[in-house]
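Residue numbering begins at 1 within each chain, and the chains themselves are lettered A, B, C and D in the order written.
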């Protein structure tokens, strides 16, 4: 894609394309503590998560994703981001990520330390591609599903 | 209609520029690029003739129909009922009373599943194919679960044609009461051998419904020549309004079938104890119909008829051939479906690029295509795909737009690989 | 919406001339006379705001919705789904997911009869009233005959009000699962005491559906305040397009109810073996909806909301009072129905002149009214009439038009007697 | 109705209004040979015919009509017109009457002696009031029903 077009496609940031092509957190864990699945019947996108916990901390996380670049990169960047977080922290990031995608007004001020999104901000342009938001959300849905088995 | 100039098949030629002038939306920009609309199979754009006929009805001559004794109501009734004549002509139906207006193809098929379905007995079967749109699958599943009939599925070949031997075999036990099959696949572009399908069905004692949602747009339809018993199509794909579709069915079938929806206009007399039904087609049209949309459908049929299906079919054949050639040059691209006879719909996949990414990136360049399962999930499973990208062509599509598509696909692929 | 100027009830006043300017059809002539349109209860005329919004959608921003990943599809989806928010607001529904788009009221009621009806058991009953439109009678008869439920009919008083004691008595055995009653009679003008009807129904363990086809046009509707469980209305009577109606139902009911029509968009996943359904409201919207008409309905709701129901109700109350006074001076004329609370619909008969002759002779003078049984045959039988003449008033009706009606009726009567 | 309006209402010819108000052939026969009924559920119009036959000739005919002026006058003028006709002649008039109402092109030339419609022509203006055509047709439907019991 030539530069002009690439510029127009801020949505497909280099980072997204790279992580979709060569994910850093793809694969399985040999002994996951919890697992989660996400599936979008509309397009056939699927992701599976293996998570190793250390108390309430996410010690390690791997994903197995079949889907579009947005979904695959979202899974990989999510894994990178939440690794080392507590479950509660990861869920807070999840809420913040969603708020960014749907372009909702700033979160309630009661949130003392807004979780920074960091690299996850590459997905912000999805705001104007509503139909693709679910692609980026799928791994987070799988994450929530995994944590639904954890109390804490 | 009166200005219709007959075109011979050989010389049929569309003046695409003149046609495009009649579609204001084609002058729009998307992401600062001129709109390249290659999604007509999902829904076609509307010519001024249709837009103006609807607006003009609402501006100058509108009232509720059938029950009114005043001028506006009588004129609007005439306009509405006049479209029934037009549609009967359009399908070469034996009579206008066989034309039932519905919201869309989906409702037309549901009507048949409900009302013809009510005549079926447990043990009888309905036969569909592997390439059906959900509209021609889910209503039959619902009937199956409600009425205890059998639902059979005729397989397709790897090229995307109906497997005629398997089809015949599925009819062999004489239990199939109805074959319900698409006349053109919205994914593979396959135009099915309708006449042959009907002959085989009839020989086995089955009736046949064709889902003409895609096919009526591309060539002349003659329900008598096809030997159909039921035929459905949808206005919005035929350059007409949303909210209006058509069921054609043989008179004797409509007469036997119980009504579908109850309410005003479909009754003869009503007491609290019981009601009797109006004659066909009114028996199947309950409540205030989509009056303005029906009139708009009439305008669309007039407009398409003036252009003529010889010219339309020739234009679309040329576009499709061009698309198949040009897309073949895109690295990593695979065409999905190589049917013997095809309409202006081409599905494809690209190695290492998901159809959704293709669609979004094309869109950033002003090019509208569709990506997904195209409401044909079981077909996707048969093809072992989760989704395809699909470009589809209409009366207003230009060869140059297909070139832009192919060039942009090459750039997208470079971007990802 | 943003330019909505709040009007207080006391000072609400319509600028009827300014409103009429927005309805091009009102400038038409019929039989060389200026059109006097007194048939809005059958279907209302459309303001430019509605006509233009539909035309502009088709000219500038249209594609099929929900499944598209391209700009035109996403924008059209937003426009379509935006109307769901508007309608939820309009009815003060607790949530947008409770709004289901249908073709009209008739389809909305059929949907409930089919899908809620599927949850009923033989021996349970549905209770309607003597003044129902066929749309709120025939679907229940069909359900009765299909499912073995009981159909009960609450009587009306000679004035045309629901007989509340009889109504209560019919609920006493606790077998009534659903009360389905009009919120305003299209013949008598009766506005029923909906809140009271709902309270009594709920106390007897029944749910309640209001047919709001006539009533939503005349006053503000609040489904929560009314205590409704289901509510239906139809776009074309609300100055909106044909081909679009609304069912509102409580979320838990919609979630329990099986789907109505099967096809695209209403599914979650489909295999040949079985399908699973989409979440509400999509579960109940199969196939390509009436996209442009839904957007047009949004324009109608915006337009009506800007004028405000305080002003509309005040205007219509004034017109109705004027009509009752003026018509009382016509020799031989009898008003049909003297309900306690009424909307802008007045039925009448004239000694020695059949309603059909009245309608035709009024029409020759440019005046459009309706004559017949108004899709309420059993009500006609209750009133011991075969037909009535009916004048109905809208936002654009002028007092002078009612004067012309009354004067012409006097001349018609002279002609016949 | 003042003259201007009355002129505009050619549809409601004096003859129609008079016959609706004071029909000449209303009533019953004491011993009809055949009877016929017409009913229009849409508006509640009803007509009942009593017919006395003399061989194939209509010797006498009476109608009992409840309906609009068009329907009532149509019944009365029909009775007047067909009295003395043979059944076959009456049915030919019926066809011709219908052809006039729906404004259909002239009948096939094989018809040697087109039955003249005479006074029935007052209904011609219904051509432009299609919804009222059935009012004028109702008595003729009843007539056909009556004759369906006669062979000839």
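One rule holds for everything that comes next: a residue touches a chain if its C-beta (ideal position, glycine included) is under 8 Å from a C-beta of that chain, and two chains touch if they have at least 3 such contacts.
None of these values were measured; they are calculated from a predicted model.
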Contact-richer chain pair [A-B vs A-C]: A-B
Of all other chains, the one whose Cα centre sits farthest from subunit D: A
Centroid distance [mean C-alpha coordinates] between subunit B and subunit A, Å: 39
Centroid spacing, where centroids are CA-atom means, of subunit A and subunit C in whole angstrom: 47
Cα-centroid distance, subunit A relative to subunit D, in whole angstrom: 80
Chain centre separation (subunit B, subunit C; CA means) in Å: 31
Subunit C: positions in contact with at least two other chains: 31, 67-69, 73, 269, 356, 360, 371-372, 377
Junction residues of subunit D, two or more chains touched: 41-42, 129, 132
Subunit D-touching residues of subunit B, taken from the complex the two chains share: 67-69, 73-74, 77-78, 268-269
Of all residues in subunit A, those that touch subunit C in their complex: 41-42, 129-132
Footprint of subunit C on subunit B - complex, ascending: 24-25, 28, 30-31, 35, 37, 39, 42-43, 45-46, 50-51, 54-55, 58-64, 67-73, 103-107, 109-110, 113, 133-135, 137-139, 141-142, 151, 153, 234, 236, 241-244, 259, 261-267, 269-272, 274-275, 286-293, 356, 359-360, 362-363, 367-372, 374-375, 377-378, 381
Partner subunit B, residues of subunit A touching it in the complex: 1-2, 5-6, 8-9, 11-12, 17, 20-21, 41-45, 66-70, 129, 132, 135
Subunit D-facing residues of subunit C, complex: 31, 352-357, 360-361, 364-365, 371-373, 377, 380, 385-387, 408, 411-412, 414-416
